[in-house]
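Both complexes shown next keep chain A, but they swap its partner, so chain B is in the first and chain C is in the second.
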Partner chain A sequence: MKPRSILLLVIIALFTVVLAVSFSGNSSSYTTFGEAKKSGGTVHIVGSWVNRESANYDASRDIFTFSLQDTTGTVSPVSYHDPKPNDFDKAEKIVVIGKFETPDVFTADKIIMKCPSKYGDKEVK
Partner chain B sequence: MVRHLYKAAGAGLVLYALIAGLMTELPVMGPMGQSNRNIFYHVPMWFAVVVMMGVSVFNSIRYLRMTDPDYERSGAGNDLALTDIKASESAKTGVLFNILGLVTGMVWSRVTWSSHLPANRFDAWWIWDPIQICALVSLLIYLAYFLLRSTFQDEEQKAKISSVYNIFAFVTLIPLYFIIPKMLPGAHPTAANSDAGGGSFVMAGKLGGDFSIIFWPSIIGFILMGYWVYELQMRTAAVSLTLSEEE
Partner chain C sequence: MPGVVGEFFTALAMSSATVAALSFFIAERTKDTSESDAWGRVAKWSWWTHLVSVLGVIVTLFSMIYFHDYRYHYVWEHSSNELPVYYMISCFWEGQEGSFLLWLFWHSILGSILIFKAKDWRNGVMGVIASIQTILSSMILGAFILNIKIGSSPFILLKEVMVDAPIFQSRPDFVPTNGTGLNPLLQNYWMVIHPPTLFLGFASTIIPFAFVFTGLLRRQYTEWIKPSRPWLILSVMVLGVGIIMGGYWAYETLNFGGYWNWDPVENGSLVPWLTGIAALHALLIYQKSKSYLRFSMIMVAVTFILVLYSTFLTRSGILGETSVHTFTDLGLSGQLILLVFLYLIPVIIIFANRWNDIPHKNENQPLWSASFFLILGTLVFLFSSAEILFSTSLPVFNKIFGTHAAPPAKLQLFYYKWNVWFAIAIGLFSGIAQFLWWKNAGGKKLSDALFRPFLIAVIATGVTLILVTYYQRPFAYDKEMTALLEKKEILAYIEWFFIAFSDKIMFFSSFFAIAANIDVLISILKKNTGGLKFIGGTLSHIGFGLMLVGILFSSGYDYVVSKNLTPAELSLFEGDDKNDNVLLPLGVPRQMSGFFATYKGKVQAEPPLRDFQVIEKTKETFKVKFEDKKGETFAMELPLNVFTKQNGGGKPGETIHAMSNNEGADINLTYVKEFTEKNLTYIKPQLINNRTKFIITFTDIQDSTRSFTVIPESEVNQDMGSILSHPSRKIFAGKDIYVHVSSIPNPKETEVEPKYFTLNMKQGDSDSIAGYRIVLENIVNLTEQARKEGQILAAGANIRVFAEDSTYSAHPVYTIGEDHKIGMIESDIPPLGLKFAFVKIDPQTQSVTLQAEYIPTANDWIVVKAIEKPMINLLWLGTFVLTFGFGIAMYRRAKE
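Coming up: the complex of A and B.
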């Protein structure tokens, strides 16, 4: 075997291991508001946007605040350091990635729009 | 004539999937808008990957059986080399579809999951979703297969060892494509926490008539086109092998 090939093989192996580790890190972090409050770490939370009329964007501080209801039914205020994402109203489910920086408000560093999984017939609008 | 029919069928079905998939009026689904049509192109890539890697592991196992002294074979030498070419070329086609699947997925993720982010941000294109990671790992495993092959001078040794590796590579696809996506939550509609109830490679029962009438022909079309690509690559490789032997 050529030394260059061995080096490349080692790099691929290492990269795969790094991926596998990041994997377990990423996947276990899908949780609920209750768990996130206890752990205090960075987590993923899936939920739906509730109390839509109370959501607001504070332009002076560039912070968008809204309420998210997680899968267990717990509602928590979430703040996001950016204007309200486009298509936010249409998203069926929302994934927020972040942590409780203050005891009551979840700070989302990232937001992902989860898409509907039902590729239905015409009645879905 | 008959053995060329599949090519016409594949080309016809892919053409149908392109025209019908882009022109038919389909329900608009929330933030996805018109991008839901990508289901006709992104998902078939992964079906093609599984089929091509299946062809590849079939030929690798066949190769190992042929090298068994008890195995009766005709025209052994040439046939062995050809079987090895079949295994590697179909894996090459599978890698091509794997890359196409990742690219079509990244484009889709940019306009749906992360449409609110500017395009110059990495996470607008890649969010480290469990299914994304699985797909990337499977690509790396097959890239390692080609790297392994490139390290051997001796053709027979190359064929034999890479055949064994290929069996392991194919086995990893089972958890990566069929088990982990069923167990872990994520942004994909097939993830464990999705409304689909989670965890089907094929979104059985979640595909309305409007979609499935284009979806399934598209899958068959891309698989047949993939086989065509593989056959062309395989024959080219076989010809260049014969030429190099004659020199």
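Coming up: the complex of A and C.
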């Protein structure tokens, strides 16, 4: 092995380690409301929108609130500091990224709508 | 049946590509010249057959879309009668099948050029290209072989897909009169040119790859460079332009307020671009020092393989929860994985086999040499692509290892803190390497030569930071940095350190790159006569530097103008500082940092109207579209009976035959036009596709004469009340003000007091209440029928109401019973909140009295978000300069 190759390998190894550390430090996990409440950290929660009629956007305060049911069946109110996202109604699955800032309400920083067949569920009229 | 023609061409395209690939490879491997030539001829004719078949498939599919052949699922799902021709082109590639076709198309065009241009490399190179055409054709084959689905065909009938739909059970020959339309987000001119550009970029990566592969096969390890280098430059140039076009489309159409979201789909196109750039620079190292040949070859191969890999990522549905883009999983995952490995494995085998045979030199490059800095720069590109690739592939790792890791919660920050340092390094290295590369041009010592750009960069950075402080523009990640410091952990401090100075250093580095490269540019032009053809590289670096400045400013120092300045009594709520949206009631100016913003109303149709066209017809109504004075397209629904030749009172000879369908009646479009123009204030036609445009003016608080208007747009989903909004921008030299409507009232949620109106009308009279035009069409004597039920008199009023986009009718009834009691049957129009009662008949004046109850359904207000994007024009300018530089370099390499 030449010194240059060793140096290169060291650099690559270092890069990989740092990347892995940075990733594990920053990555969150897909979890449930129960876990999120316990850990208090920022998490991803996959769920579906329930109690649709109670969802509300308060335009004067700029807060959108709705109920999300996670994969274990736990329902929690979620608040989001933006109006209702586009395609929210069509989403069959919703991913919220955020944490419990108050004990009862999950504050979402970001919402991802999963609509695998957004334009595929059209009906023949 | 056009579908049969399409399927025939698809099958022919696949088989001819297979024959072409095999015979090109046999010709390549056959030593005997005359035999090889014979195989070459077979291959060539198969290729021409393939080209014709691919064009045949495309023409077939496009004409099906053009002629609205809704028997076919693809046409029904992706297009509609409303679409103008240029968006029919976008429909073509909205679906996966169409975009595979686009890819096939570019390969066929590029291959056909290479048949002439590749000269003695033809057989090997074309063999590789024809082979991928076989696989890509199979993606749209739609056949079942041994119960395994091979590809998804765009020529499937609707009734074959929707087997269970009740309508097909009762009427097997049913054909819808309209399609479900193109995704409104894609109805944008960038979507007409962005996909073909991006796919040309993707498609062209196979050419350098094919040259490398053939070179390895022939053991000609260096000869492939010259003929393939212009193609490599073309590839990164076009791919780069395609990526930026996609970003510009997102910026203009979507409303996340930016042009880059680090979404897996975006990353999937960026990574091959980065490795392509690395390949380009690796070849320069080889050119200068005769080392790094193996590395260059690997990079070319990797670029192509990564294009295949991102195809797998974006089309297999594996991205799932991590991407906001939506994919219809066509169940082609297996085929897509096959596509990647079909090229990856042979490449690995042939590299392993030839590894020691490839010329290589183990010599270290001196520190202050162009090669050394090129190596560093190339490595940085490699690291950056590795970082992005690794992070984007998370769902793939989850799948393989059965884990459930989620991407970083602060995705933007995560990618930023890595790539900002890569960008800093690239900026510095590009300035230094250019000096060293052209060291004879300036004739100065490196330290002397770099002093001026260094000084300029220091001053420019200083000025920038002063301006940013003066205008109080916070850095995008200030909040995250504060949070990190509060953690009081070693790792958090390190992370903080990497973010805290990054923006300042990056300003310096990109200014340095621009200044240094301008210096080099000047000295090249001074020194070399005819130096213009040498400036390609330098110009690209200047462009790249400008892009970096534009990106850092517009993403790192963007600024929310529409901070919610909630009244004091309400701002007790926790988290109100997060509010980036402002409520604008109609006509009421609201203050938002430096501006008064006023919502002035919606864009309405203005006469004269033209180009009336019937786009849909049912038994009772028809839908018509037209353009107004300003060229906006509107659409509305009208009752058939009023406007047909028989009833409409149009002059003979002026009837225009509507779209043929079994309802058959002729619609008098001249009458429709006259009527609409006359009653425009009552009818208020809506923009086509349920769109609404909102007029918002911004007035500068300090200088009230300085004001501008933006017109953001939204599409309302009628069933759900949800909106899809498109931003509008005011473009200044130094910044964009970017505004989008984030919410509008939901008619269902607003409750208001009812209003009452009394109308005295005669037959044929009209009046207006609450902005609706009311016409009393006629009064019908219903006494005959009513007698049986013991009434002595009954009359009905036929009322027609003209609302914004359609007309409605109401039929209240008035009765007098044998006991002389008066009865009323009310009639209501729920969508308008109107209810009519027939309360009195006056036989003397032949007039009637009607009473209307009106419950206003909506207050008029909008919620907007406005963002300032400083220096974003530098990004677009830089893109032009970069592309121009690539163009010059490509021209020069092609001439060599």
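One rule holds for everything that comes next: the second predicted complex is superposed on the first by the 88 of 125 C-alpha atoms of A that agree within 3 Å, B and C clash if a C-alpha of one lies under 4 Å from a C-alpha of the other, contacts with A are read in each partner's own complex, and residues count from 1 in each chain.
As a working rule, contacts are C-beta pairs under 8 Å (C-beta built on N, C-alpha and C of every residue); 3 or more make two chains touch, one makes a residue touch a chain.
Just so we're clear, the structure is a prediction, and the values are computed from it rather than from any experiment.
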Which superposed partner A:71 touches (first chain B, second chain C, both, neither): first
Contacts of A:95 with chain B and chain C, given as first, second, both or neither: both
Partner chain in contact with A:9 - chain B first, chain C second, else both or neither: first
Partner chain in contact with A:59 - chain B first, chain C second, else both or neither: second
Partner chain in contact with A:107 - chain B first, chain C second, else both or neither: second
First, second, both or neither for A:86, with chain B first and chain C second: both
Partner chain in contact with A:19 - chain B first, chain C second, else both or neither: both
Doubly contacted residues of chain A, that is, touched by chain B and again by chain C: 2, 15, 19, 22-23, 26-27, 30, 44, 46, 82, 86-88, 90, 93, 95, 110, 112-120, 122-125
Contacting residues of chain C [partner chain A, same complex]: 77, 158, 162, 165, 167-168, 174, 176, 180, 183, 255, 317, 320-321, 324, 326-329, 362, 364, 379, 383, 386-387, 390-391, 394, 404-410, 414, 417-418, 491, 495, 564, 566, 570, 573-576, 578-583, 717, 720-725, 742-743, 861, 863, 865
Contact set on chain A toward chain B in their complex: 1-2, 5-6, 8-9, 12-13, 15-16, 19-20, 22-23, 26-27, 30, 44, 46, 71, 82, 85-88, 90-93, 95, 110-125
Chain B to chain A touching residues, read off their complex: 27-32, 36, 39, 112-116, 123, 127-128, 130, 133, 136-137, 140-141, 143-144, 147-148, 150-152, 184-187, 189-190, 193-196, 203, 206-211
Complex interface listing, chain A residues touching chain C: 2, 4, 11, 15, 19, 21-23, 25-30, 42-44, 46, 57, 59-63, 81-84, 86-90, 93, 95, 97-98, 101-102, 107, 109-110, 112-120, 122-125
